[in-house]
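Labels for the chains are A, B, C and D, by order of writing; each one numbers its residues from 1.
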Amino acid sequence: MTQLVLGQVLNGAIIGAMYGIIALGITLTFGITGIVNFALGEFMMIGAYATYALAERFGWPYPVAVVPACLIAAAAGYLANKAFFRFTRNNLVNGLLVSIGLISILESAALLFWTATPLEMHFVLPGALRLGEVGLPKMKLVVFAVILAVIVLTYLGLARTWLGRAAFAYAQNPEAAMLMGVHTPRLETAVMLYSTGLAGLGGALYASLYSLEPAMGGVYVLKGMEAAILGGIGSLMGSLWGGVILGVIEGVGSIFLPTAFRDAYGLAILVAILLFRPAGLFGTE
Amino acid sequence: MLQLDAVDCHYAKVHVLRGVSLAVGAGEIVSVIGPNAAGKTTTLRVIAGLKDVSGGAVRYEGEDVTRRPAFERVRRGLILVPEGRQIFPRFSVLDNLLMGAYQRPDRHDLDRDLATVYELFPRLHERRGQKGGSLSGGEQQMLAIARGLMGRPRCLLLDEPSLGLAPIVVAEIGRTIKALAARGLTILLVEQNAAMALELADRAYVLESGHVSLQGQASELRQTDVVKRLYLGA
Amino acid sequence: MILRLVLWSALYALPIFVRSDFLLTILIFTFIYGMLGVTLDLIFGFTGQLSMFHPAVFGVSAYMTYLLASKAGLPFWLATIPSALTAVVLAMIVGSICFKFRLKTFYFAVVTLAFAEVIRLVVLNWNSVTNGTLGLVVTGRPTVWLPGMGVVAIKGPVAWYYLTLVSLTLTVIVCARCLSSWMGRCFGAIRLNEDLARTLGIDVFRYKLASFAVGNALASFAGGLYGYYTAYIDPGYLSINQSMDVLAMVLLGGQGTLIGPIVGSLVLTSLPHVIDLRAEARAILYGAILIFTILVMPRGIVGTFNAWRARRAA
Amino acid sequence: MLLEVRGLTKRFMGLTAVSDVSFTVEPGEIMGIIGPNGSGKTTLLSMMAGLLAPTAGAVRWQGEEIQHLRPDVIAARGIVKTFQNPQVFAELTVFDNAMVATHLALKRSRGARRLGELVGLGRAAERTLAGQVAEALALCNLGGATRQLAGNLSYGEEKMLGLAMALMCRPRLLLLDEPASGLGREEIDNLVAVLTKVHAAGATLCIVDHKVGFLRGIARRVIALDHGEKIAEGPPEAVLENPAVIEAYLGRAHAPA
């Protein structure tokens, strides 16, 4: 029993880290620029399929394929921002609807191009580490480590640099930030590039573990949104913890309670936390 | 140093500024007074680049900056301290001040500037670790001015620094503005508190429904009947 | 006013001139989705609460109405009453929790979405009653009593056309009644400035709950009709996509207007049928239209039209 | 005694904004509250109006404790507060703004008539209210702007609209948070005229403001706060000469010679 729980905790933490990387993108774009990008899951899908294409069709080694995959996702994000998202600043509903439109377009395009048949990559890194009675696939550990590193580096990058200070200033009062000499349009573009690039990275990592479908983004953006709110919008480390908590609760919950309601456990916790801490676990109001 | 030539400005269809011309010489304190909705704040927003003009030109240090973006004007030392103490509430006082120096190329070495600012506002030194949002109104206004100074302005634009402040704080802010001018800073002050504005300024403009209705030496304006009746309440 | 009367009369007269089943089918779907859109607009466009709870009420009512009719032998019309009451109770519970804790915008949307998801999971997994993913095939038809004709079963496009059109008309009338009264004025006050409304003595909690309950109760009826019309109910009724579709209709047509959601519903339901494209291309077109509307016509079709008319009148 | 504030205290995460403040408001008086920025004036007013829950202490309205009641309930009892930064429904016309504010008049009418109005049948009552709205707007110098959108008003006009809306609630006690701040000379004169009329009509006023001259002209009694504590109370002249008030609030420049 203990092993089962422990195994689910570890698995949940890894899945949760994936939620966390999407949550980080949501928190960054919404917290800093006031734009809701609900379509981040689609950029994740783009990253995943790009990795697949580069690794399986062109035969690039996986680590080499990841980088251009992120860049492709970020480039798509740049276009989406230039064409759509920058007009939805501080307008939650418009952001949401533009996202829905974009999801519809990107998902259908992926269906046209890749069909609905799930695709699977060859094992990138086979084998597992044994931790007592619990087996952990090596690749999952690598994925977890990469995500952890990315989130911590993002946190440090924003907490310790002038760019980060400018970003936080912009988040609190865009006009005052402009009066301090912050090049605000460039900052906004940078945030958008970074968040979609992150989603692309999430997708690239996802591709190494699970099979790909055009609709994969939908689930992850929902979970990412939950994780971001759970951790507190605007809190970078909160998005990681929010994701991990969500993943672990879903994993452990489905041992003791019916698996069919897996998605509900996280939601129940989310609602409970929102009622008592409206700003999320790590958020400040 | 700073010059507005027949500036026109619209919000939606409302004509807010109608051919406003004014000039600020180097080292001067110039005040703009006038009733609500006369366009005082808009004038400053136009100068700072937060609002586009629909006609006319803004010249700064001999160059036409009408079409330059806001952050570029800041880099040239044209700095606005906005109305309503728009500080960064979740930053500490120190971070607020550092943010003021964001655009400076030498921003990594700010100890001297910080010392100067703290000397001017000892209260901010006491509260340097506190969050901006937890300061009182008067302290926030001082922080906003201090943050403006951290950018090493050559021309400082102040929008209603006395608004909603206790008399004792208003007096303190007045003293500060004088002290800054004594160091040679050029200041354009927009105020509804005409008594204070005319006392501090060398020259002043009266703005009414979007155009300049009166201008001259502050000491002379104080003597005119219109100003006495409408703004000084004598 | 006159324009509106003419439009409604035209809708009522339409089957006399048009015999195309294809067109009537599109309009029947338009009317049912229109009911959902109008009721969502009451909560979102008029009161300012972005609710994602609509599909839950829509789906639960579809199941309940059919199950009560088939298992308990109630006539369709009687079966809609407990469904509507259930919708009100659900709305009261979810609404009370959200409004008590003053959840707004984003947070309100996510929490209502969460409740809707939980209800969807219950429906999906309660196999003995709902038959899970396979869904239920609806047999039987609603009947109405008509003067001179006695009790008639609703079948065929024309009958369904009138049934759904009358339902939509009643929904619009109820909403319009609410909105033209003090209730509507208070809804608007809450949407525009909640804190101010509170200091003016408006009981924000109660009015928000009223808007949420009325909207959901009316939406439940649309669920009952939809199940019977399509003769098939599955957990997809409760999906998030449903929520998004209705929201898109409201925005495309024009939020904060009663006619807007119906126009939005007409465009988005007819589009896939009018243009002959494969499914994927259609979804792309759908997305493109949505984005275009939001960015170019943020007030929606009706909102833009009204603004244009106001400008011309001025 | 109309209202009694006893030992009222408010702490925000370790910061004490209002500390053990007690005073009373007598029916029909005009009371002023002064104090430096951050001395807790707005917090005090918000607690009296039910917008904030006090950490300790009580607010008694005609002998009944009301500090735990919701703001809309308190407003219905007759205590109405205006905002420092004008709050209006920007997308409604000036007239509609004031019309929304007549909600309380409706709420106080009981029984069948109330039900009728809720579902929109009370057209006659609506007309009466509309007449009263027009009157209040004219009083506040907004008679010419009734069809304008409130969002297009100037700052001073928005403040007067806020006052007109508060008046439509038929307050017994009107709490005004810095009604004169940001207003020009003429606007203040108009404000004084309106407030004098409202007071003559029977309302009790409690005014927070920094414009000492304005308060001196209108208030009969003033209390002064500093760091959340009451430091002086009495007739305006006495309070304004109080050394503690001069030290904390007025500064020496304003001290009477």
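The rule we apply is simple: a residue touches a chain if its C-beta (ideal position, glycine included) is under 8 Å from a C-beta of that chain, and two chains touch if they have at least 3 such contacts.
Keep in mind that what you see is a predicted model, and the values were worked out from it rather than measured.
Both chain B and chain D are touched by no common chain. When chain centres are set by their Cα atoms, the one at the greatest distance from chain D is A. Ranked by C-beta contact pairs, the top interface belongs to chains A-C.
Averaged C-alpha coordinates give centres for chain A and chain C that are 33 Å from one another.
Averaged C-alpha coordinates put the centre of chain A at 43 Å from the centre of chain B.
Here the spacing of chain A and chain D, counted between their Cα centres, is 48 Å.
If you average the Cα atoms of chain B and of chain C, the two centres end up 53 Å apart.
Touching of two or more other chains is recorded for no residue of chain D.
Contacts with at least two other chains are made by no residue of chain C.
Shared interface positions of chain A, defined as residues touching 2 or more other chains, are absent. Taken pairwise by the contact criterion, the protein chains form one closed cycle in which every chain touches exactly two others. Chains touching one another form the pairs A-B, A-C, B-D, C-D.
On the side of chain B, the complex with chain D involves touching residues 14, 35-37, 134-139, 160, 163-169, 171-172, 192, 230-231, 233.
For chain C in complex with chain D, the residues that touch the partner chain are 177, 180-183, 185-186, 188-189, 192-193, 195-204. Looking at the complex, you find that chain A touches chain B at residues 162, 165-166, 168-169, 172-173, 175-184, 284. Those residues of chain D that touch chain B in the shared complex are 15, 35-39, 84, 152, 154-157, 178, 181-187, 210, 212-213, 248-251, 253-254. Those residues of chain B that touch chain A in the complex are listed here as 48, 50, 69-71, 74-75, 79-80, 82, 86-91, 95, 98-100, 102-103, 107, 147, 151.
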